[in-house]
Structures are given as structure tokens and as C-alpha cells.
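Each of the two complexes below includes chain A, the first together with chain B, the second together with chain C.
And now, the complex of A and B:
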């Protein structure tokens, strides 16, 4: 089985190279049969990668430690669940997984467009196969999962303890789904540039793909935050780590793209900008993978480092940048706007402002992430750029974005009048000022938190007003009751109202972030029977009483578990456990935190240290002194709730009925027949 | 929102008590020499705990935040400073992002003004440009779809 896996990789490489050539040549000379060969190559590559991925999983499940990759990320004691997810546990497997997901999405594009978008498909297929070819070359040449060791060890090294967590099994695949799905609009953009068809069709055709990519990337980032929160034991969820930063860069440009395409669709403006944004988003996805895999910048995510791969990625990235710049320059005449900006007080201007801020945030994060390398390269002096820098630079940008989140959806297209502004913004501004004043009067003095809550209230008020107005109008016109009118209104324009729901999620998430300003922390070394008291920002008094310390041998580790009784306002509310885990195979120690969740705050318990842990294990130290760190993290649950709301909103928008090609005449019917590469079966028919 | 205000009103504005505030602000500006990529305040290593204790002792002895940071960097090296200095090479870290944002904003504003000046005159009644016709068709289709 595993032998077949390696052969499948080699065949996939050859097929993708051949298919890419066929697709590009077919597009160039207008030969439908060659294009079809390219498209079928994608399906073949997907099948081959399924075989190869299956072989890797089989090697994990079969404990085949003669393979370097399996020996490095598994051992006999590892559960079946983590053996299956071993496919993406390390760099080698995750590159195969990347290629597998890309091949899956590419195959879906081919199947989706058998009768549609034929004029785009030659170059779309060629581009997708080109990216697949790159990954397969990297896998085969520098990161072969079937590389054999000189000897077969009796057991593997096991999986990094921090990766043995539910969220870590779901976080990387979701992130990869986002990165790879952005390849589809990228491929359509390249195809539009190569074919010169630079109207809005490539955008409307890929709208769902863009939303899907954004959906996965957003969720992937949130899952990563959840993993960091529960697994790394710091009490935080975002640390501006280089690898975290790299994942958020394409998210920022992708979000900007989702907004700016609306201007092109409505007003025929920003054509070049949209092309640049989607090209940049894909390039940043590759950059994120490069940064994660290279280990060039010190990161807590440096689970895998390979400089050879880093240089190959850098070469590919450089090639893509040159190619993208060349294509845009070549087609610059066809990328001119059909319309002009008529007023700075218009929805177009608000969206342009939003794009400016997204790109500004992206640049600031990229700059801060790369600055240590840049400063060291130029001056020889390594200057560290940590979380306080990113907070100080990005929080003001985030607040401005929050303000635009409220203004953008309600301001008129082309030119807003004073009456339009008054009518749409008076109530939200009133709500915002009232909330700000109440918070101020009640003693909230943290400026950024105060602004976040006030602006959040402003955005929520605009969205509620929009829903209310729409529902009321529909109820009046259609004679429906309010609930039915609301449902029908959302159904009729899922993209718009789904977008509003995403905005609600973002606001809730922002408020969750702002809760950090009120966190409370206590640390103390205590013996069983002693307590730590902490008062939460919401006024609750917590008493945590250390009960006992137990030692448990598990399959691949030994656990030291501290039990802590929790009382809130004098009432016992449960028991929290916090652990130190000692992994035998990797000789590593990891912490497992205890979290008591409520709708408004988390009580977060970390077992920071144990006096004489060996005594606990051998039974000579039954009452060990233990150091606990206790945090009360206000509004953290709101971050996860915000993420959930954003996911729901995106799914509603994804369900949009407005995709072209599904209604009305097929798009290609409007193109001259001679300009379309034809499929052979269609010609024969 | 209102319950939030009521609930938060009892909150101290920051976690650490005032006696610890100096130590906490110093710790928040330092990376940990013992945890790659992590800030000192969240590094779980026992050595980091000792370092944090030393910083708390210095703060209790009356040292200022800057003095404590300088003390730590003297012993471990400048690379553990988490926030670039606002002088020398570090200054570039701070000024480039806002300058880029302001520059891009100014460029957009200038370009927008120019575009507005060169915008085509309004069409006379009875005429309609192909772009407007396409937009009108799209809007009508949308209207029809919304029903």
C-alpha cells in the first residue's frame, strides 16, 4: 500500500505537468480536446493524491516506523484518532494534505464548469495544475513522506504533546481549506488576465468560492485561537506570533476583496484593485505556508522547519509576484474603471476607506512580523517586535474599521445627501453615544474598550435598523406578519443579510477582545486545604480551594492532576482540575488548564508548578506545595460566540441565489461562439 | 449593553494590584529568554518564573519600569525587548505603517478628487451610455429577482 502511495505521487507530478501544458496550449490554440485533457488531469491528480494520502494514513495506522515521517510523528501508544490526523501533523504530510485539498477543489471546479465558463477554463485548469505541480515537486524533491530511515526503530517519537488536542486536529485542515480555496478565484483572475475577459464575470463566477475560502480561513483562525486558549496554558488566545500573523494576512486582503468586488459589480470601478487583491491574497497564502514551514522567524508554532523548502517556497513566491505584476501591467488598459467616484460621501468611498484600512492593517502586521529580519539584514541588529507593538498599531485601525462597519451598509451609492445621512445614522449615533455615556458614568475608563463598546453599539444599531426597515416594508407590501416577512426578506437577499449577520459576529468578537482590558490575575503557591481568592470584573467573588494532587499513568504519559474546589459568591459551583503531563516518548512536559465557562467570563486555572513532583509519583509527597495561576477572562466566550455568528452569516451568504449562470441564459451564450474553446463532445453533438 | 455596563462598573480597570503594576508593566515589555517566541508574562518555564519574581522584587524595592527593563536587558541582551525603541533603527518599525497608511490615504484622496473633476458630464435626457444601460439592466434584473 505504502509503495503505491509513493508511485502515486510521482505519477501525479507527471500528470499535473502534462495536464498543465495541455490546458495552456489548448487555451492558446483554441483546442477543446487539449483543454479537456488538462481538466481530466486534475481529476486524475486528485485520485492519485487520495491514494497517496491513504497510504500515509495506512502507514500511521500500521506503525510503519521505517518511514521517517511516521517515526517522527507517531508511536505505538498514540490513539487511532491522532494517527489518522498524523497526515497533517508534520510538514511533510501537511504539504500532501495541502495538495490533496487543492486537487479536490480543482476537481469540483472542473465538474462545476463542464458546460459553463468554458472561455475561462483552459487557463483556470492550467493555473490550478501549475500550483499543484509546484506542491508535488516540493513533496517529491524535498519533503517525501515515504522517505525511509536507514533502520526501522522499534517505536516512533510520538506526536508533539501540544498537538494532541482536538482543536489542533481541526485547526490546520480548516486553515488549509481556506488557503487552498483562495486558489480558485486566483486561478480565475489569472485566466481573466490571460484571456483579456476582465469584466465582472470572473468575480461573479468565483463569488461562492471566495466566500467559502473566507469561511474556512475565518474558522481556521478562530479554531487556532481556541487551541491556543485551551492548550498553551497562557490564558490568552492571540499572541501576534509570526505564524498567527501570517494566517491573518490573507484573511485581511480576502476580506477587503469581498467588499471591493461589490463596487465593481455595482459601479464598474476598482477593476485593477480587485485583481491585485485576489492575486495578493493567494500570494499571502503561499507566504503564510512559507513562514510556517521555514522557521525563519522565531515562533511558538515552529513545529517543523526546513530551510530547503523555505527557499523553494521563496522562489515560487518570487515567480508568482513577477508573473502577477507582469500580467496586470500587460492588461492595465482593460482594467480601467467604467465609472468615477462621484463623492467622498458615498458607499463607494466608505468601501474604499474600508479597503484602505484592511490593507493598512495587513501592511502593519506584515511589517512588524518581518521587521526583525529586515533590521538584522540591514543593520546586523535584531530588533524584536512583540504583541504590544501590534496592539498599539492595529487597535486604532480596528476601531476605524468598526466605525466604517456601521457607516458602509447604510450610506447611499454614488452620492449621499445630508438627509440620507441624517435618516440612516441618527438613531445609531444616538445609541452609540448613550452606551458610551452609560459606560463612562459607570466607571469604565479604558479608552479603547470604551470606544469598542460604543462603536459596537453603533454598528449593531445600524444593522437592527436595516433589518427592521426591510421587514416592515415587506410586511406592509406583502401583507405578511413580521416573522414571516423577516424570513422571506433574508431568503430573498441572502448575500446582503448574511453579510449583516457576519458584521454582528464581528462586533460581538470585537467586544470579546475588548474584555481583555478588564482581566484579573492572581498567582500563589499553596498547600492542599488552602485557598486563593479573586474578584471578577463582573463583581463575583471566586474562592479556589486546592483539594489534592493525584498521579495517573496514562497510555503514553503520566498525569499529575490538581483538584480545586470553586466557590462563587460563597456558593460551591464545581471543581476544576489542572494538569501537568509528562510524555514518556518525547520527554516533554505540558500543562492542561482548567476552565470554568460562563456567558460573560471564564475562570482559568493554570497549574504553574509543583514542588517535588517525583515525590507525588512515588507517594512520598502526598501534600505537595503547588503554584496556581488564576485568571478571570471577561467576555472571552463572546469571541467564540462572535465566530459562530460569523460562520452562520457566511453560510447564509453562501446560500445566495444570485449566482450568475444559475438563472437566465448561460453566460457563454453571450460570447461569440468562435471565441470559446469547445469540448469535443459538444462539437460532436 | 446595559447589563454589561452594570456588571463592569464594579471592575478594577486592570488586573494586577497597584503595588504590582510597575512589575507587570515591565514584564509586559519583555520577551522570555526561556520560551522561544513567547512573552515573559506568559512563559511557563520555571526560569521565567524566577525572572518574574526577581522583577517583582525590584519593583517592590522601588525601581521604576524603565530601570527594571534595563536591568533585564543588561543581563540577557537587547533582543528580548518586545517593543522596538522609538529611536535609532527601532523608530522605523513605528513610523513606516502609519506613514504608509497616511500616504495611501492621501494618494487615494488626490486620485478621487482628480477623478471627480474629470468625471463625464451628466447625460442629457433621452441618451444613456452603454455602461449605464448595463447597470440599469442589472438593477432591473435584481429588482425583478427580489420581487
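And now, the complex of A and C:
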């Protein structure tokens, strides 16, 4: 039964090759029937990949350990839950999953554009099928999930314990949705380049796809941070691990793109830049997949090295780079700006600054991530580049971005006057200085943290002012009460106000990052009855008393659980447990941390070591000495809150009216900025 | 045109800032990875290596592990995996790393003092290939 899955993969490969040819030829010779055949191929490939993915899941559920893949990631004891997620637990399955999601999005594009964008669709369909074809070739040539072992083991190897966490169902799919969705704007950009239709239409028509991709990628990254925080047991949420870095690279270029397209829409500038950004974002998504799948760089995510996959991916990446560069060079005349930058003190300049910073951060992270590989390849010397490098470069860049985040939305297009700046920035600058001064007086001396809070306050003040001014003006003009005016204002311009809300989330998240500057750590080996005391930066005194250690032997692992009573400022607030699990079969030890969350700080308890654990198991060691690491992580909850606010903001922006008909006439009908009325925020639909 | 040149200069300035951060950042955070034999050879040739933070991959020599669970002082010797000859003592302060055992391959990060003692800030145990390698595993 599951054999059908492999057949489906092969058919999907043939159909995508055939469909790609049909779509490109149909577009070239203007034959609608051929184009339609291409578009239908996408739907067919999607159906075939559903069959194939279903077969993989069925093989997991049916304990078919003759499949190498199933044997490697499952065993009889594994819960049904993780058998289903087995589809993306390992390399070969996750590539099928990648292709499945891409086929899903591609099908949606086909269905969405049966009437619209017909001039783009031939090459869009061709490009999407090309990418699908690539993944299918990788799968059947180098990473077949249906590969059989030459014997059938009685049981599988089981799933890595660190993956047995509910985030397993959430984090990888969200990230993949982000990576794959960026293929849609990429395909439209390629189509625009091939057909020469390089006005803003390819951008406006894919705006929601770009935002959707960004939404998934952002959340995927944040979910990964949450997972790392509870599972890896190091007390942190970000480690500058190569695979983490790889997921941030397309996020940075994608974020730059979301901003720079506004300049093209408003001022007809940066056309070539925007094309390059979206091509780059897609390339980096593929690169991220390559880095993870090839296992070339050691990482917490590392999959086994697979050089065949590495070479195929490298070939594909080189092809894409050459293709992109060639297309852009060929169309360079049509990618000229309509306007020129007029002043440093303008919104355009702020956006360009923002873009350069995003790209700078991207190159720095790319460099730091690839450096060990490059160095080893060239000089044979292994060198690792640790977190200090990434912090050193990215913290200042982040602070500069934060400053621009406050300035950008309130500064005028073209050329801001001194009056414009004074009127819009006086209050926020005052708020910012006040916050900085208060923190200084209360004893905060950490420069980066001070700057983060002061600049964050600046950004929040500009955003509140924007909301306030817009609401007040609307309330006056429409005669509505303030609440109604606020709702209507946001509804009328969801993209803009949704964007502001994303900014608020980012600021809150940044403040959460800055909390790291104040974390407190204590480590001690104690016996039951003894305590560890820590004082948090918010002035709370925590007293953790080690109560007892209990052992839970099971067939596949042994758990040792320490329970610890927590008192805060002398008041008992609960009990935390921290565990150590030893997995026999895999010779692995995993820690489960105990976290007490409050709105402002997390108390984070790690059971770092147990003296004579075997004695605990057989009952001879009744007062086991245990080593605990206790951390107070200030403001960590703000990171998650910031992520949530960003998600809400993105959803509001996503809801925006992007159909050309509903948004009012596109670019050519827009008024030049100079003749616009004085309060542009009220008329920009 | 004059104006455009000004903007190019602005862009170059920004790129310069990022470049500066990268160069200084690299200088301060590069960590060399050596085998015990390489490290000892390097430190004889160039004593400044003693000041440098390095990572060393070696094997824990059986019979040399001493750990005090009360003070969390850990001492053991590592030996070069390939040659089996060059060895030096390692000192580490902290809980015993998970799956730490005699005879296991470890990566220690820290610096080799001129007295020949390696002061480690982290000790990582290598747990082979955590993923995949299924076939050898199952057929073995």
C-alpha cells in the first residue's frame, strides 16, 4: 500500500518537468492551452505529493520498519502524535514536506489567478514547477524516503528525545511555510523579468504572499526560540547556531523588501533593488534549506552529512544566482528609477538606511556562519566564530534600526523640513530622554540596555502619536467618537497601522532581548533540605529549597526528578521540578528544566548534575547531592509578548485590501507627492 | 549628480561601520580548533598561544578522571585521538557534563597555561551522530 507513495513521487517528477515545459513554451508562443496544461500540472503535483506524504505517515503509523526512514525516526513505543510528525522529523521526509507545502501554495496561486494576472501566469507557473522539479529530483536521486533496508528490523531506533516535544508539531511546519511561501513573489519577479512587465504590478499582486511568508517565517523563528528555551536547557533562547542563523538570513532580506517596496510604490525608485531583494530572499531560503539538509556545518539541528545533496543544492543555487543576475542585467534598462533621492532628511533616505542595515546584518551573519567552513576549506584550519561576534555586530545594527524605526514613519517623503521634524519628533525625543534618565537614576549603567529602552520609548512615542493624531483628525472630520474613529482609521489603512503594531511588537521584543544584560545566575551542589538564594534585578529575593529526588525507571529511559520549593520574598509561591532523563538505547541524557514565569522575569531551574545516580535508583543513596543552576532571566516574557504583538500586527496588515479594484487605481493614477494635500495620512487609502 | 554622490558616500559610510564591526568582532571571537598534538606543537613554537582561547578535541584518558561532587572540581587528562601520544591535564569547574565518561571523545574550550594545564571553560561530550547513521546502527 505504501509503495504507492514512491510511485507518486516519480509521477510528480515527470508531471512537473512536463508542466514546466508546457508553461514556458505556452508563454513564449502565446498558447493559452499549453499554459493551462502547465497550471493544471501544479494541481496534479500537489495531489501526488499529498499521496506520497500520506504514504509516509501511513508507514510510520503501520510500524513499517523495513523503510530506512521509518526505522530511523520511530519505534513501537512512540506516540501516534510523533509518528505523524515523523513526516518532517528527518531529512528525507522533510524534503517531501517542503515540496508538499510549495505545491500547496503554488496550487493556491493557480486557483487565485484563473482570471487575473494572466500575462504573468505562464512564467509564474513555469518557475514554480521548476522549483518543485528541483526538489523532486533531490528526493528521488539522493534522499528517497521510501528506501528499503535489506532486512526488516523488529523495531525502529526511536525519535531523538529532544524532538519529542509539542513544539515539534509547530516550529518546523511554520518555518517551512515561511521558506516556501517566498517562492511565490520570487516566481512573479522572474515572470516580470522574463516578460519585461516591470512596473509595480508584480509587487502589488504578491504583496499578501510576501507578508504571509514573512508572517510564517517570523513566527517560525520565534517558535524555535521558545522551543530552545524550554528544551535545550541552557537558559537561553538564541545561540547563533548555524541553522538558526540560516533562518534569519531570508528574514532580514524579506523584511528589507517589505519596506523598500513602499518607495517603489510611492516614488518609482529602487526597482532594481527590489527585484534583487526578492531574488535574494528566495535564494537565501534555499540556502537555509541547503545548510540544514547537507549537514555541512555542525549545529544543534545537524542532520547527517549528505554530500550528494550538498552538491545538487550547490548546483541549483549557482544556477539560480546566474539566472537571477543574467535576468536583471538583461532588463537593467527597464529597472531604472523614475525619481532620484532628494535629501538625507526624507522618508526615502530612512528606508534606504533601514535596508542597508538589514543587508549589512545579513552579510555579517552569513560571514560568521560560513567562516568556519571557508577557513577550513582554504587553510585547513578549523576556526569557530562564537556568539560574541554576532552580538558585537548585530547589537549596534539593531540599535540603529530601532532609531530609524522611530524616525521613518513620521518624517516626510522627498525632503523633510525642520518644522516637520520639530513637530513630529519633539515629544518622542522628550519621552525617550525621560525614560533614559529614569533608568540611569535607578542605577542602570549597561549602555546597550539603556539605549534599547530609550530608543524603544522613542519609537513607542512616535507610534502612539501617530495613532493619536490620526484618530483625533478622523473623529473631528467624521464626527465619530474616539474609539470608533480609531477602529475605522485602522480599518481604512490596515497595512499602515498593522505595520505600526508590528513595530510595537518588535520594540517590546528588543526590550526583552535587552533584559539579558541583567540576568543572574547561581550554581551550587546541595543536599535535600538545603537552599540556594538568588536576588533578581527587580529586587525580588528567591529562595529555592531542594526537597527530594525521585527516580522513575522505565524500559527505555530513567527519569530522576528533583523537586524544589520556591519562596519569593519570604512567601512560598510553589514548587518547581527539574529532571534528568537518561535514554538507554541512544546513550543520551536530556534535561527538563523547571520555569516559573512572571510578567517581568523567569525563574529558570536546571538540574545540572546528580552524585551517584545509580544509588538513587537502587535506593542506597537517600540524600543525593545535586547540582542546580538557577537563573533569573529578566524580561524574557516580553520577547514572547513582542512576538505575539508582531503576529497580530501582521495579521491586521494581511487583511488589507490588496485587490487592485478595492484599493483604488494603482500607481499611475496616484498623485505625485508634491501636489498631495497637507495631511497625507488621511488620504492614502 | 553632485547630490547622488553624497548619498553614495552615506551608503559607503554605513557599509564601513558594518565592516568595522565585523572585522573587530572577528578578531575578538575567533576560536581556533586544534588537536592536542597541534596545540602543544603550536604553543612550543609560539608562546603567545597560551593567551589564546582555543578548542581542543581529544579523548579522556581512562583512570585520570577525578571529580568532587561537592566543590564541582573536575580534573582529567586528554590525549590526542589520532596519535595516542600527546596528553595534558584539564581542569574544569562545574557539574559533570552529561554522558561524560572515561575513554570518551570530548571537546574542551579554554586555554593551555604555560604550566601545561588546560583551564577549560566548557567541556562538551561528543555523542557521535545523533541523527541518521541508521543503517550501520541497525545492521551492527
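The criterion applied here is as follows: the second predicted complex is superposed on the first by the 649 of 685 C-alpha atoms of A that agree within 3 Å, B and C clash if a C-alpha of one lies under 4 Å from a C-alpha of the other, contacts with A are read in each partner's own complex, and residues count from 1 in each chain.
The rule is simple: a residue touches a chain if its C-beta (ideal position, glycine included) is under 8 Å from a C-beta of that chain, and two chains touch if they have at least 3 such contacts.
All values derive from a computational prediction rather than experimental measurement.
Asks: Could you tell me whether chain B and chain C fit or clash when both sit on chain A in the superposition?
Replies: They clash.
Asks: Mind working out whether A:625 is in touch with chain B, chain C, both or neither, as first, second, both or neither?
Replies: In the superposed model, A:625 contacts chain C only, not chain B.
Asks: Identify the partner contact of A:393: answer first if only chain B is touched, second if only chain C is, both if each is, neither if none is.
Replies: A:393 sits against chain B and chain C alike.
Asks: Comparing chain C with chain B, which touches more residues belonging to chain A?
Replies: B
Asks: Taking the superposition on A as described, I'd like to know which of chain B and chain C A:525 touches: first, second, both or neither.
Replies: second
Asks: Look at A:90 in the shared chain and tell me whether it touches chain B only, chain C only, both, or neither; answer first, second, both or neither.
Replies: second
Asks: Please work out whether A:104 is in contact with chain B alone, chain C alone, both, or neither, and reply first, second, both or neither.
Replies: neither
Asks: With both complexes overlaid on chain A, does A:641 touch chain B (first), chain C (second), both or neither?
Replies: neither
Asks: What is the contact status of A:157 with respect to chain B (first) and chain C (second): first, second, both, or neither?
Replies: second
Asks: Does chain B (first) or chain C (second) touch A:611, or do both, or does neither?
Replies: So A:611 only meets chain C here.
Asks: Contacts for A:68 in the overlay, against chain B (first) and chain C (second): which applies, first, second, both or neither?
Replies: The answer is second: A:68 touches chain C but not chain B.
Asks: What part of chain A is shared between its chain B contacts and its chain C contacts?
Replies: In chain A, positions 302, 340-342, 344, 349, 352, 356-357, 360, 363-364, 367-368, 371, 381-389, 393, 397, 591, 608-609, 627 sit in both the chain B and chain C interfaces.
Asks: In their shared complex, at which residues does chain B touch chain A?
Replies: Its residues touching chain A are 1-2, 4-16, 28-29, 31, 35-39, 42, 44, 46, 49, 78-85, 89-90, 92-94, 96-98, 100-101, 104-105, 108-109, 112, 115-116, 118-120, 131, 134-135, 141-142, 145-147.
Asks: Quick check: in the complex, which residue numbers of chain C touch chain A?
Replies: Those in contact with chain A are residues 3-4, 6-7, 10-11, 14-15, 17-18, 21-22, 24-26, 28-34, 55, 69-72, 94-96, 98-99, 127, 129-135, 137-139.
Asks: Would you tell me which residues of chain A are touching chain C in their complex?
Replies: Against chain C, chain A makes touches at 68, 71-72, 90-91, 149, 151, 153, 157, 160, 302-304, 340-342, 344, 349, 352-353, 356-357, 360-361, 363-364, 367-368, 371, 381-390, 392-393, 396-397, 523, 525, 580, 586-591, 608-609, 611-612, 625, 627, 629.
Asks: If you look only at chain A, which of its residues touch chain B in the complex?
Replies: Touch residues, chain A against chain B: 233-236, 239, 241-242, 266-268, 298-302, 338-344, 349, 352, 356-357, 359-360, 363-364, 367-368, 371, 375, 378-379, 381-389, 393, 397, 435, 438-439, 442-446, 453, 457, 492-493, 517-521, 535-539, 591, 600, 606, 608-609, 627, 631, 634, 657-658, 663-664.
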